Amino acid sequence: MTLFLLRRAGWFLVTLWLVVSVSFVLMRAVRGGPFSSERALHPAVEQSLRARYHLDWPLWKQYLQYVGPLDWSAEGHALVGGDGTRPFGGLLALDLGPSFKYRDFTVGEILAQSLPVSAALGALALVWALALGLPCGILAAVRRGTRLDLALRLGATLGIALPNFVVAGLLVLVFVFGLGWLPPAGWGDLQHFLLPSFVLGLPFAAYVARLTRAGLLEVLNQDYVRTARAKGLPPRLVLVRHALRAALLPVVTYLGPATAGILTGSLVVEKIFAIPGVGTHFVNSALNRDYPLAMGVTLVYTVLVYALNTLVDAAATLLDPRIRLEEAG
Amino acid sequence: MTALLEALDLAVELDTREGRVPLLDGVSFEVAAGETLALVGESGSGKTLTALTVLGLVPPPLRVRAGRAFFRERNLLRLPERELRRLRGRELAIVFQDPLGALHPLLTVERQLTEVLEVHERLTRRAARPRAAAALEEVGLEPERVLAAYPHELSGGMRQRVAIAMALLLRPALLFADEPTTALDAHLEVQVLELLRALQRRHGTAVVLISHDLARVAEFADRVQVLYAGRTQESAAARVLFERPLHPYTRGLLASTPTLAGEPRFPLPAIPGQPPDPLARPPGCAFHPRCPLASARCRAEVPPLESLRAPSDHRTACFETPRLLLERGA
Amino acid sequence: MSARGSASPARQAWRRFRSSRGALASLLFLAASGLAALLAPLLPLASPRVLALAGEARAPRLELGGPHWAHRVSIRLRLNEPPRSGELLARAERALAASARELTAATPRILRHGPRAAPSELELALLYRPELDPARGADLEARFATLLASQSGPDGLHVPGGGTLALALAGVTAQDGYGPLGALDRALIALRHRLFGFFQLGPWLGTDAKGRDLFARCVFGSRVSLSVALAAALVSVVVGVGYGALAGYFGGRLDAVMMRLVDVLYSIPFLFVVIFVITLLGEYRTELARLGIGRMTAFFVVLGLSTWLTMARVVRAQVLALRQAEFVRAARVLGASHGFVLRVHVLPHLLGIVAVYLTLTLPAVMLYESFLSFLGLGVEPPQVSWGILASDALDALNPLSVAWWLVLGPALFLGATLLALNVLGDGLRDALDPRLGRNG
């Protein structure tokens, strides 16, 4: 297991480094820096801004500063290993740099504010995905061929097909304007969470339902389920201990890509419901050319997705003793 | 002798778009306490289905159309599911063909054994463990190693032994063994069958041995019943069937078995043709297209299963029986 | 096997596919949608662009419609007094039409405005042409005024056949309903004009706050959404199949390296990269334009590149399996080149699985496009796409005026298309390999 984790960590660093380097070069080398979209700045002001963000340095210097092995002191002397107060600077010290747009904040501070919000939203969406998807999938499998099964399957297809902003629009029409049960936007307590997390989690709930149904149906046909019945075990025991345990493995594996999908979907959902999360910041940073913020968000998301995928793969081996870690690594 | 299990006219069918397909077409058999009955036939003849029908495990979309199965005076096919569940595992057990598929891949051997005891005898897991260990020893396995293992970590022969131990845990009165050795290497086949026989003798279990290998069952069965296309074609005491087979199909099967004794026959005789597609069963006797003795009557009518005058438990379903008896000079 | 008649795998697959009513219906629906999108200018819809400064969104009304098509040049004539007889009016109209034809080389439709018995205004409506548009410097108004004056006297227009009609030129207006059009679209518009005149269907899905008909915008939006999806999917297929086939065919170290790259790319949330790249490309618009790469083309390519990974993986697995197949080895032994083997033996066997994954890629790309347009990073106005429509709709929602139809329009179109694609994909998957995918 440790070897597996170490290897995963190794590839992770490679991936991360690739992402950082490529985006860094693209951002700094590309025309149209962060200040080109604002009203024409007095050249002196622009000059001092550029100096402040070290945009006047040569590219390699900026790169090393950002990634962190070197840290230049104010006087311009290169100090290997930092400015005396800490061993490394930049990324190696988990310092993502200052935001270009929100001049009084560093990227780290902005993320610290918005990450908990997005995390809560995403976690709740996952909860919806499982709490809605699993029972529906099980029901559909156990009642295969009935009208209930057909209805659930249609519902699942709709859930996957409809884009989340469409669902959001329809639900807002019904629950906010029609019935008036929920507030339209804003962020604060549970009622603000409910609709956005539901909208975000719905397509994943639909997919979980499908996976569960398909997996369960296949398992229910397996010989070992027949053996369990032949042993005289009660049906609920057969379902839970024998059938579900085998059928849920694909669902667990799905949680990895599901998280990535939730992150993607959150961009739209946060915009619709005016939620001050990481996704909103990302979209704005793209529009504002606030590159450090954009990069910071991308890095955080990459870390999250990678960590979760690794976690899920490790969990898969625990659940199914037949899977060997070499395959998963 | 009252039979332990008496199955009468079991009929199972499947609805397809092209029509209703009979998979079991009136199969009857009986097993007495402690005896071994062999059900023999090619794949598709309905042998596994026979066992599943008795146990009430016929999977949809297949459907039991008719039949009765009396076990200790009760008709299993009419029993409510709850009662049937109580019998399964405890009085009636089954060992399946492919032990890797039949054992749960994600549960340890111990779990799969103890849960039988937990459910039927209300034991706790801890109390059930020694019983599970004892069962494994009885089939010749080492409990310490095997209990904690998962099925895929064991060899094929060991898995089948586990399955047998699992089936016999509660000392059932009747055990169905559905092709227990087909998935195993040849040298293991004999071992497993001998193990079954030893256990049977020790506990007095009746065994219904299902197989496609007529020669193999010769040593181990008391009585043999031959199925073809969902119907019984011949049944007799084992010795009688092998020494004096009457039905052309049985004879064909026996003739096509390679033997070490006697003259080598080249080419090995085989029954020409193939078993019929259930959707397109020929009228009359199901075997007539492949039968060297087929007459017009065979093509038109279904021959009933009839007993000989002597021995009276030798039954065969063939219109040509009188002729064959004459030829043999019986 | 039974004597039911053997069929080639392709025919068997087709039979299975045909038995799924959902999949068939989806295929028909998608074909119809594609056709409608292609022929959109031919349909008697409102123009998707013309703004009516009325300022309020109007709810759907299920009325048949009328001669309200805005894509026209109008010569408006005010009747100073009601005409003495209908017959006089008719003759006057014919004369006016002839005058208009003389000036514009096109026959106008004559529309009467005002009460039926005594119309107060006549409109000579011509199919819009840029050269007649006053906003572009055409002097049609002046020329018509001159011509009219030459045919009038103190009592009004001299109507051929006797009588006068007192009217005055109220003005010439033009509305371009579609912006610059390609040759096919221009032909379709001309054909529509010939078939339907200026008839357009009623506001079946209502209008938005700027007076634009939602149904028309949805149909025209389908052009963008569907073509983007197809183009991007094409890119995805080409790149994915190429990459996967190469990796799978040559195997060994090349395969290991290529698939490692895919694994690395897989862990990057692609939408982010897409947004990144699109923003960056925006900076280089002029350079790209010089190379002939328009904004839309860049968009297709970027979108396509965001979804090729799965296709590559799947194709590679298939090619790896095929490589071991006897017939491939036989061909190599007989001296066939790599290229030949790939083209003739391997590629045809990939068709099935590529088709299946294509039906998965299309909805994914459509979703991405609508996401991006929704976020303002995709298609730009005045072009319409379903994502933009949804974004506008949600922006317009507020507790005071709930324009629910604005949400319903794109929801219906997007939802139906994506649903159809998904069902089609499921049907294809079941048909091509019943073992793959879901049971029942």
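The chains carry the letters A, B and C, assigned in the order they are written, with residues numbered from 1 in each.
Just so it is clear, contacts are C-beta pairs under 8 Å (C-beta built on N, C-alpha and C of every residue); 3 or more make two chains touch, one makes a residue touch a chain.
The structure presented is a predicted model; accordingly, all values stated were derived computationally and were not measured.
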Whose Cα centre is nearest the centre of all Cα atoms in view?
A
Highest contact count belongs to the pair A-C
Using only Cα atoms to place each chain's centre, name the chain farthest from chain B.
C
Please compute the C-alpha centroid of chain A, do the same for chain C, then give the distance between them in whole Å.
33
Whole-Å gap separating chain A and chain B, where each centre is the average of the chain's CA atoms
55
Need the CA-centroid distance for the pair chain B / chain C, whole Å please.
65
Which chain C residues sit where two or more other chains touch them?
none
If I count partner chains per residue in chain B, which residues reach a count of at least 2?
none
If a residue has to touch 2 or more other chains to count, which residues of chain A qualify?
221
The answer for chain A against chain B in the complex is residues 221-224, 226-234, 237, 241-242, 245-246, 319-322
Using the touch rule from the top, collect the residues of chain B that touch chain A in their complex.
55, 57, 59, 85-90, 93-94, 96, 98, 101-107, 115-116, 119-120, 150, 152, 163, 166
Interface with chain C, chain A side, in the complex: residues 11-12, 14-15, 18-19, 23, 26-27, 30-32, 144-145, 157-158, 160-163, 165-166, 168-170, 172-173, 177, 184, 210, 213-214, 217-218, 221, 260, 263-264, 267-268, 271-272, 282-283, 286-287, 289, 294, 297-298, 301-302, 305-306, 309
Touching chain A in the complex: which residues of chain C?
263-264, 267-273, 275-276, 279-280, 282-284, 363, 367, 370-371, 374-377, 387, 390-391, 393-394, 397, 399, 402, 404, 407-408, 410-411, 414-415, 418-419, 421-423, 426, 437-440
